[in-house]
Amino acid sequence: MILRTVNLSKRFGQRWAVTDLNLAVEPGQIFGFLGPNGAGKSTTIRMLLALIKPSRGSYEFFGQDAHRNSARVLRKIGALVEKPDFYLYLSAARNLQMLGELSGGVSRQRIAEVLEIVKLRDRIGDKVKNYSHGMRQRLGIAQAILNDPELIILDEPTTGLDPVGIKEIRELIVSLARDFGKTIFLSSHLLHEVEQTCTHMGIIDNGRLVVQGAVHDLLKATDFFVTEIILDDPERARAILTDETRIDKITLAENVLKVHAPDEARPEIIARLVQNGLKISAVIPRTSLEDYYLALVQHSDGQ
Amino acid sequence: MKRSLRITTIIILTLLSVHNLKSQTDPRAILDKVQAQYDAIEDYQVSVHLNVDIKNFRMPNKTMRVYFKKPDKVKIKTSGFAIVPRFGLMPTPATFLNDSVQLEYVRSFRENAIAYHVISVQPKKEIKTSPAIYLRVNAQRWTIDRVQLEYQQIGTTEMDIVYQNMAGFWLPETTKILFDLKHSIPPVERPNIDRPFGGMEQYAGNDTQPVRGYVTITFTNFFINKGLKDAVFEEEDY
Amino acid sequence: MLLIIKATKLELIKIFSKWRTYIGFATVAVLIPLIMWLVRKYGFGLENQALRSLGDSFEFVGSLANGLLVSYYLMNVLWVHFPFFIVLVAGDVMASEGASGTYRLWLTRPIGRFQVITSKFLATFGYTLAIVLFMGLCSIGLGLLIVGGGDLFVFDKGILILSQGDALQRFLLAYLIAAWAQMAVAALAFMFSTWTNNSVGPIIGTYAVIVVSMILAVIKIPALEIIRPYLFVSYFDVFFMPFSDPIPWGEIGVSLLKLTVFILTFFGISAVSFLKKDICT
């Protein structure tokens, strides 16, 4: 196991920000740590990175007690905690060089390489104060991967980015896991981001872990599936399916019919549409993480 | 005849010696004889080594090079800073004599078989800051062996000069100067936390103790009448 | 150890990359030549007062109003004025990291917090040493160049005149000692800087402590004698001790030791505070 927490907890004054957190992350996963604002995501990440001392509990990286072996484990970890703040009066290259020195040294070639990966190669000599927010975010990821860590921890990595930037970061994260074999632990409150990027997830609410596991398995175990059907007459299709009891909801978006129904109901629904003479050009099963998440969070609040 | 000649000779000699003695109480004549020693010196240069020993005043031993050219060109060259006793370098009559002073013959005496004349040099008008000067003149070789300065407000200074004969001239070898000052230099402490910026203000208006101190001057490497150029006296100090 | 050395080097780069670091250097570089030029043009005068009692018996050869004398008097700024340049930087070393959020960047690297704070402290000492020696170099170098060299006149149980060569050696010793004394100021500012994310507080706070301590140390009230040994400014006069003759090595050693105790105490408190701190910014 690459990361394990055991009853990790943190209290600020009288308020418990994180309570008895038990996380487990295996190598190769892209683990999404999901939760609303103030749920305890950043507090958890700060505890993992020894920026904050846990009030109780423990955590391990690579099977080693992180508290006792912090220097050794941190050598294998790259992290970006919230907004990346660099030394604005220094250039990107200088910032990375200094950070690399603390991790055992880094060559100029490697600096150029990571800046190439995050598409900042041509701004290598510019002072960071002249960077846009998106550029600083990318530089933040560059410093996280600088010393070729095994585990990359990213706290809200797409905050403040435009859609293009978000897409780029998402593709980078997937590439790091798929092509470079990195394990990614990323926290976010953006469901779409987690849904599109992560293989596994944990949901935290009010400082407590509500659920964790593989995204697909978690969603499969629920009723929250959406099937998108592209056909010639969606209006007529909606009318036909109105009395179908196993369908939770039907929505229409342009020529796409979105049917909220369990997985096993799908074949019958398709058959019924075909029998009614509708021409179907595509059937795309999707999961609704949003609904799943909201239900979990509300349930947790209720408790 | 022989006896009367002898008596006459004795009388004439006695009269002559009385006349001599009388003429030797003329202070100007005495000082003229001393000055005559130095009139033949057109120029000289000498190394002067200074050692100062006065309470609450410490200075490293200094070496200066002194240049003199007639009638009154003097140049002292030294690295850094030095204090030189007034009248201390070469006390010749020319140093003391000017139109504003009057001379007076004080007395004569013998010491270690050497006859001395004591002459006082006083300012004509009473000036509190000017010293009363007493010169002790060696009647054998016509040198000023001691200079005594008495300042009303400050105290007394006494210079004893030991001479050496160089190329026929009696020149100072060592001068030892004794100071009896009515007020010493105050024992100002270095800047410290009590008085961060130091300063002598704390002593202003306060009488300090009388002090006795010494300055010793040694003269070496005399060069006399070597034809010093005027340029020497125009050079910048270093 | 190697990591501390590397980290110290990086901290020095950070310090010397900020414009505020150069305020002190620029001030010294502008004011000292100006002062020296003014002295050259208008003279000094102080030595004439001091030697007045000898003036009737002695003539003075050469002048004591030289660059070394001005440099000696300039050392008086080390009491209260110069520490401002020290606190300006030392008070910012830790606080600026909190303010800019760069702690997160630094502390998520494989470097322990004690190594971080030690390297920052060493870098602060490096700056302190650099600026104090810069002042010494400017004042003595420009003094010799503009006003000229010569013997140095100081007060030490009366008047003491030191030859130029002797004086220069004593100046070197004095400025090295002064750097250590100023390090006590830097250590105090550093400690305050560890407690906050805004450098204004440590700067003003440290300067206020210096001024108040100087007042308490200098006021002649017997009741205040009790606290004087606990004020680090009470040992500031150590940088004038090399100008005594003979040099009071014992006194210098004791003062430096006491200053070291203050420095280590301030550093110790900083370290404990930093090790326990939750980095929430």
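We just call them A, B and C in the order they show up, numbering each chain from 1.
Methods note: a contact is a pair of C-beta atoms (placed from the backbone, for glycine too) under 8 Å apart; a residue touches a chain by one contact, two chains touch by 3 or more.
Since this is a predicted model, take the numbers as computed values, not measurements.
A linear topology is adopted by the chain contact network, the touching chains following one after another without closure.
The chain pair B-C and the chain pair A-C differ in C-beta contact count, and the higher one is B-C.
Taking each chain's centre as the average of its CA atoms, chain A and chain B sit 101 Å apart. Centre-to-centre separation between chain B and chain C, using Cα means, comes to 50 Å. Work out the mean CA point of chain A and of chain C, and you get 52 Å between them. Residue ranges on chain C touching chain A, taken from their complex, read 3, 6-7, 10, 13-14, 17-18, 100-112, 276, 278-280. Contact residues on chain A toward chain C in their complex (touch as defined above): 46, 49-53, 70-75, 77, 79, 81-90, 94, 98-99, 101-104, 143. Chain B makes touch with chain C in their complex at residues 54-60, 64, 76, 78-86, 129, 149, 151, 153-154, 157, 179, 181, 183-194, 196-198, 200, 237. Listing the residues of chain C that touch chain B in their complex gives 49-51, 53-54, 56-64, 76, 79, 149-151, 153-164, 166, 214, 217-218, 220, 228, 233-237, 240-241, 243-245.
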